[in-house]
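First chain A sits with chain B, and in the next complex the same chain sits with chain C.
Up next is the complex of A and B:
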């Protein structure tokens, strides 16, 4: 069996940081749609790219709408948030009104999805940076739609032969609607090492 | 000067429990610190032992903080209970406040923990 990407303790730490970020994002989303957003308990995993793809394919084999955003700082990578077509349609409908069921999402719908994703991803970046005491900058969010393997594959360019993936499954429910999203950070093994250094430094502050 | 007291930290995040325990141990020598990683264990521990303070998470795998708060209050009528949650929506804060518990928003820091303890200590 191969070594885990992150130890259990660091997985717990990263899962909690994502959880806090998602809590903040849910508040922003709730303000946008004027309704309470109920969050599921997040499921965090740190895995190799191939394992991540298997995990994602278990979640859906439908085309997805994804928003990708580069981040950089003490460690770097590509953040990707994807929704199934159904979830992204539900989400966009809540924000901008009706979306014709038969059509693909248009420019306006993509803009709405990009904005929500920007809020969610930046809430996660913000929380990780704030708690670990580091600085992370994010790039401009971009929409990538289509087959899941292709969408994820395009994120791996420049990330070396075996990128690693920190990924969080989360469902946020609005009244009568349940929207599932998958937030992932794709990072090089070098960058993961830098993240681990930050986690070690942070953990040493609270070691009993 | 601190008389020895007891605290139950309820959170599914090991990180949160670790930070909470460290801050309490470093500011309040000799306090008895118990931890529960979910709602079920929290209720089991609270049924066995009296606490002066309880910190309660909301979003946990088995029960939410909102689910178990009334039972904790019944089991621990004298405990000062604070809710520490990443869910910062006003509607949730209002629900906890209506039940008599104050909400503190994650991420945790020393100030928030000490503020929670201070608010639960007799004037």
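Up next is the complex of A and C:
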């Protein structure tokens, strides 16, 4: 096993940041769907791209619906939030209250999924930027659907030979229903180094 | 304030085919593009310079503010979907009538210009997409519904391409035909059921479909495992949007069970359940068909058969025995005639046969052969053994045959004539046959007997019963005849069967008893040489209490010695009415009269019944006697009846003693009396007072 991408301490910090972001996203979503939405982040991992793929393949073999958003600032990369077909349909169903008749989501359902994912990802970006006190911009969200490996493959085209992935499984807890999604930040090793620098700076601020 | 954009960018900004609004961090509208202005009921001056939230009202104002803040302050892009923010801006829908406002989705992007943060709100018209998806969703719901209907249909449904290659089969088809989806898909529907595959069938279906887009019919299908079943099938031709045939839809209902029921019902309607032969109705329609075609084909012969001893079997051994006899007889009849025939049970003990392509001569031979075969046939039921006779009437079916009813009537009349002539024979119907013409139906004899009773046309004859073993007195059996009005007499064989059928026999019996006793009174001393006078009683008389009392009174009041009077009852009549017969016999025997059991051995060969009947004499059936010289079995019958009779203390009388050989053999066997043409013919009763009666 190679050296860990992030030390345990930084993993905890990142996990905490994502947790705060999820809390904000959950509030926005609750307001939007008029029912209580709880978003939780069971675990956070920082791994190499190949390990991430293995991890994802363990989660599902189904085709997925993914929303991607690039981000840049002090560090940059692609953020991806994906749901299995089944989960995305259930999520959309809960949010827009309509049952999509066909197996695949239509354009309008994709758009709803895009907006929900955008809220979550922006909340994460916002939190990281705010807490770490760095600048982080994001591009517009795009939907990519299909085979998981293919979907993820398109994300790392510009991320150098050995992209790294910060990833976390998240769960939407709606009344009577839990829907899982996977949030990932794909970054070049350069960007990770910058992130680590930011984390170091952040820790030193609060170091006793 | 944002500076006026440079001219090219400005042109592009206004040329974009989506809406663009630029707001600053304080939500003030800085710019709107041409597309946005063109799509809204506001002019530019009503928007620019004003707060976004003053110009427009949003359902989720706080959320929009937050989104703008994220863009302006944090540089984050956002997306607002139409589903969650329907018709965010009151943009007019210029292309569709379905709603006034445009469906739209918005991107909110951060812009930095001149060191200032702004936010670009980009609005896209998604009305068409929304409309299309609504339609799609509706169509797909409907399709889903149809799919559910097809998948749960109780009918098998198969969809093929236009050439019959299977593209879909529903679960019912899989269940019934036994082919899985995978096995069926891609194969030819018309060849799937390999046994039922007929290339002509496919082309005939296709031909029909060319004319009217649907085919309907019933055909057999074979499951994967080779089990044949019947389907009621519709095949429809579906056409694509260019009106070109694109698919075939086959809908099948398994009708095997219904067909079986229908077949069974039609079998039951046309067949006799007892013998499995066709019934009268079905035979009638067969006959009608053949009569219609009689001109083109060689003649056929219709036979009408009546079993002679059926009633006896039925009455003495019960219906179970009667049914079994009918079953056995039907087999014997069927085996006796060639294949080219139709055999039916018309009802009761009546059968009919239509012999194809034959003539009367051949048919007569075949019928006589049946009678010959039945002569040796013995029907056994528990302890009883019955010998069976059959009377057959035949008639020709040719172009002169008028109708089936007429043909059956002819054969039936001929059969009656065969019965009248003593049963167990064949009688051929002929159009100018006087015997049949005279009969003119069943009522002829009834009328004739009534006339004879009223006009006193009956006459008494007597036939001697001659002692064979010792020189004792001769007895006489009284026989009845009818004057035919032309100097002749009609023998009893012609009218007595009719009398039985029309319940007239007891009236004849009464007439005979009356006139015999009267005659005996009148010739008291002149008949001293006579042992006794024997009077026949029919089966009906035995159960007639009134007649019994009448006889009692008559015998008592006359001066005739009762021992001079003897009664003969047939074995079959006695057994059929056993209780009444016993009562009748016992009553008259007490008075001193004697009894003889007539025709013994003809119907039943069970001696067990003899114990119950207290008779004095047994008359051995002439059937056994007449052939006893040549037939060892007949002789054995005569001997055994004689022996049993003697053991039981009865005297024996042999009928049909036609010659000296028989007479001598009977003497050897120890039979007590003989009667028959060889010993003395019947003569008018008055002749017996004279000693001149010729005894052979």
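In this section, the second predicted complex is superposed on the first by the 203 of 208 C-alpha atoms of A that agree within 3 Å, B and C clash if a C-alpha of one lies under 4 Å from a C-alpha of the other, contacts with A are read in each partner's own complex, and residues count from 1 in each chain.
One rule holds for everything that comes next: contacts are C-beta pairs under 8 Å (C-beta built on N, C-alpha and C of every residue); 3 or more make two chains touch, one makes a residue touch a chain.
Every value quoted in this text rests on a predicted model; they were computed, and no experiment measured them.
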Clash-or-fit label for the pair chain B, chain C on chain A: fit
Chain C versus chain B, contacts on chain A by residue: C
Partner chain in contact with A:106 - chain B first, chain C second, else both or neither: second
Contacts of A:152 with chain B and chain C, given as first, second, both or neither: neither
Contacts of A:20 with chain B and chain C, given as first, second, both or neither: first
Touched partner set for A:139, first chain B, second chain C, both or neither: second
Angle, in degrees and to the nearest 10, that opens at chain A between the C-alpha centres of chain B and chain C: 110
Smallest separation of CA atoms, chain C relative to chain B, angstrom: 15
On chain A, positions contacted by chain B and by chain C: 130
Of chain A, residues touching chain B in the complex: 9, 12-13, 15-17, 19-24, 26-27, 30, 36-37, 39, 41, 127, 130-131, 206-208
Of all residues in chain A, those that touch chain C in their complex: 28, 31-32, 69, 73, 92, 95-96, 98, 100-102, 106-109, 111-112, 114-116, 118-119, 122, 125-126, 129-130, 135-141
Residue numbers on chain C that touch chain A, as the complex places them: 60, 62-63, 66, 70, 74-84, 105, 107, 109-110, 126, 129-130, 133, 136-137, 140-141, 143-144
Residues of chain B touching chain A in the complex: 12-16, 18-19, 21-22, 25, 59-61, 85-89, 91-92, 105-107
